[in-house]
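What follows are several structures.
You will see subunit A twice below: alongside subunit B first, and alongside subunit C after that.
So, the complex of A and B:
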């Protein structure tokens, strides 16, 4: 196998599947990860995130396909020969060792013992655990254990670090704090991170690129902005953030413009043609994020709607509306003193700008 | 109130035979009796001064040591296969390992006479080691399997992802994780083997004899208080082991369901 990929690609997942007892846990996944990138695997429970990670780490062998590291097929190499670190969901710290020995384990195992003490202490200070070196892993807090796990896996400077929901057991505040720290450490070390989570906010705030997975497949792989603003499937649009789905049928397609008649209204949407566009007469959906819905006669398009309910959340109010095109959620900024919120039963015109629309195959 | 009296009575009664044996070992009379006539250490002197007694005690200790080590090592291997590799029919296999617990010991004795003589090992030390391994495996297996079930398999994966080769992972991660189970297993099988009479009785011969069986046959022949001295020493020794065990792990580790 020769390296035909661009130099930046450090890890290439090539058509990888994993079958357990006839069930496809991972189904023909293709994924490129660039050197130094922060990639997140995002998806609901059971979609195959851990299985994919475990194949990269070398704990499972793919049923088919290849995993290439810098162009070299390593799908069948044993885990200890790969330069891939892993932070486990339950951390898996060595309970019979203190913090120092946990962190030093990888250097000793790889026989990189010259300079060991300096490197271990450097790593311990990077994660902010000075003074805890001789504590047993049972004698420190959850957040500190998290840091030990991180330091232990980073000290050998692996090519890629895999993190399987490392923050999911922590409370929200600590979680936010460690997210920031994780990003800082990733920047400082320049190590490629592959991070697993089922929390879409976490994914959006931390990642360079996100792979949204469902039922063993990668539905969409792209930047956080693309995933949020240009979802390519209904699953991605619904899983990442909240969204409105309206349906219609295609009335004309040119290479530039696709026109769509919105069901229940006489609105004809005209949007830029994407790969999702279909032939005339076919059914399609459009996704419009609640924060893009405007109230009052504004935006390129508008439909009459009736307020069903509203919920207040600090800076914004979210209205549930019943419109001619179907149910709509509208999230609008709330400014005290600028009029009262709309009450259930009131009618209002709901609109949206043209560039808020994403076409999605129905 | 009555139930309390009964409970206290039972608790007092249970160790009574032990107390009597220990007390009667200090007699100055030439025969076993209770209450004792006068106090002396002459029977301890006779026990510890007798090459015969010391030899069988050595045999018993060596037998228990080898038996416990082999049983524990075998249990670790078996438990690894059943717990970690989830081999097929694992639970059936576990049940078979535990059968010596419920099988009548007299029957085991008879079976072992037949087995060992066909191997040519009847009346040999090797034969006793084999049998003691079989008898102690149930006691060795449970704590090891329980410790292995408690240990997190991700520890070994973590070690591998840090570049640790399998042998290093085994010695530095897997073994320490099950160490309490191994210590319990060693101590328990040592005690079981060291005190074993019923089955061993069938298998000793002119060339090999164990301490408890020797005590038993002495009792049949004479009522010398030296037997009480030997028994008291056995009691002391076993209690010391149980004490150590309790200190190191806590008895509940063994009693607990796995």
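So, the complex of A and C:
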């Protein structure tokens, strides 16, 4: 996938904070972005995603810390001197210009007019808007406006493109379609994308790396697979996908293995020690994704459970279980003809494999 | 109730007002066009044959134009600043419309206190020995323009501000992120988008300045009145309604001669400023 060679780091966010009237909107964030990478900032509303993006773009000055572009500190350069494009949350298309002039704006502003017409038309065709050149931005659909915003910010071939929830206003179907297209365009242009969203599915499906943010901090920065399967905090585990939390107390810790006595059962979990591990006797949780919970006496561990409710969603069925270790969600594949779903009140044994468990500090 | 009749009902009060206004306007024009019940352009030829009236018309339009010019010059930056102000904008708004709470007479008289031969400035100047004779700061065009700008500036600011507030900050940010330096962003984005507000302000201030009565009366020279004041005096002192009506119609036509083209050229102007920016 991406090499993490430091040579390839195009953007370095070095201990950056932003304070608004005493409130820390961004709190000591460190982040490296590699050339050509698709990085997503994921987090709930108000966690500081836009503020971080605006500092990279040059609309806000960090209260402390540095932002380096190819090793050069640009924290205080004006926005128009940075080679950074931006697609705004509200798109911010120029309403007094047509599609063509919107796309041409950056080339004209930077006085790169030699090849202007060819480059503008090339960009317009890349986002599939041929024939719409002379339309005003008020006379095209939401998805088309999205494409204009993208074309406008890409025409100057910026080093980094920032996208602030560009798809959030669209309906689900169009959104999926544009996600695919965005990925294609990113691959074709090779431009580094920093994409903001609060939609975890969008983040998982599009990103090379995801930075999960909460309350101004980056909780975890890693590949989509790591974020989903090796969440390092309870927040990350809960925010990205659904998960089960079971708690227990640590009975022994070595550098390789941590053993945990699961509350309410006589199960002793043996988990690979992570940086999250605690000393003996302390409380910890484990996260188990619902799709890793197995029904029937399977998996390394199993606890007796009773079905509380079930919900059917096409390919899978999700059971809410009441187990000895606490409430559990189990998502199992559903195949018609292979027996009926379990009914509320039935008892079943719920288990999970050892490698499905992630240790989380309580 | 069907949608149509409801909207008609909603329009009724303003339609009534417009109707009354229109009847007044027609009455004004007809009375200016007749002598002893006969259609006659006599009032107009009489006006145009009097050099002092022609000069007065010229002065009125010139003062109105200068007033408008200075109002834009002061009003645009103020409106821009207020629209982009991150703190308590309402307080600034209050400061701007505060003069409206004081009557025009009092406001204009305030300038007499400041600019008059024995006013603050001249008093100070003679006290420090800068001038041995009082400077003529009022009872001339300068005083009138100053007074009018003071009275009319809030209209200009509010007209521009109402449009500026509709322009999201992200417009300028988008321009900057595309490499637009402040001057470029201003010319190609802010100005074209604010233009409707500026033109509304220009229209408003220009029309009000051409019709000004009180300020020129208090701050203007005796010999060089403005047309509005003259009309007022024709009515109040000489009871010459037809002549006043003819003067008013002349004023109206010349004022529209400036205002209408502005409205017509608005679209063209926006395009000139933004599209390709003359490349």
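The rule is short, and it goes like this: the second predicted complex is superposed on the first by the 357 of 362 C-alpha atoms of A that agree within 3 Å, B and C clash if a C-alpha of one lies under 4 Å from a C-alpha of the other, contacts with A are read in each partner's own complex, and residues count from 1 in each chain.
Going forward, a contact is a pair of C-beta atoms (placed from the backbone, for glycine too) under 8 Å apart; a residue touches a chain by one contact, two chains touch by 3 or more.
Just so you know, these numbers come straight off a predicted model, no measurement behind them.
Asker: Mind checking subunit B and subunit C on superposed subunit A, clash or fit?
Answerer: With subunit A aligned, subunit B runs into subunit C, so clash.
Asker: If we overlay the two complexes on their shared chain A, which of subunit B and subunit C does A:35 touch? Say first, second, both or neither.
Answerer: In the superposition, A:35 contacts neither subunit B nor subunit C.
Asker: In the superposed arrangement, which partner chain does A:58 touch: subunit B (first), subunit C (second), both, or neither?
Answerer: In the superposition, A:58 contacts both subunit B and subunit C.
Asker: Figure out whether A:78 sits in contact with subunit B (first) or subunit C (second), or with both, or with neither.
Answerer: Touch partners of A:78: subunit B and subunit C.
Asker: With both complexes superposed on chain A, which partner does A:110 reach: first (subunit B), second (subunit C), both or neither?
Answerer: A:110 sits against subunit B and subunit C alike.
Asker: Is A:199 contacted by the first partner subunit B, the second partner subunit C, both or neither?
Answerer: In the superposition, A:199 contacts neither subunit B nor subunit C.
Asker: Of the two partner chains, subunit B (first) and subunit C (second), which one does A:259 touch, if any: first, second, both, or neither?
Answerer: neither
Asker: Per the definitions at the top, what is the overlap between the subunit A residues touching subunit B and those touching subunit C?
Answerer: Touching subunit B in the first complex and subunit C in the second, residues 57-59, 78-80, 82, 84-86, 88, 90, 92-96, 105-106, 109-110, 152-153, 156 of subunit A appear in both lists.
Asker: Residue numbers of subunit B touching subunit A in their complex, please.
Answerer: Listed in rising order, the residues are 152, 154-155, 157-166, 168-169, 172-173, 176-177, 179.
Asker: Quick one: in the complex, what on subunit C touches subunit A?
Answerer: Within the complex, subunit C contacts subunit A at residues 168, 170-171, 173-182, 184-185, 188-189, 192-193, 270-271, 274-277, 279.
Asker: Which positions of subunit A touch subunit C when the two form their complex?
Answerer: Residue positions touching the partner: 57-59, 78-80, 82, 84-86, 88-90, 92-98, 101, 104-106, 108-110, 113, 152-153, 156.
Asker: Under the stated contact criterion, what part of subunit A meets subunit B in this complex?
Answerer: Those residues of subunit A that touch subunit B are 57-59, 78-86, 88, 90, 92-96, 105-106, 109-110, 152-153, 156.
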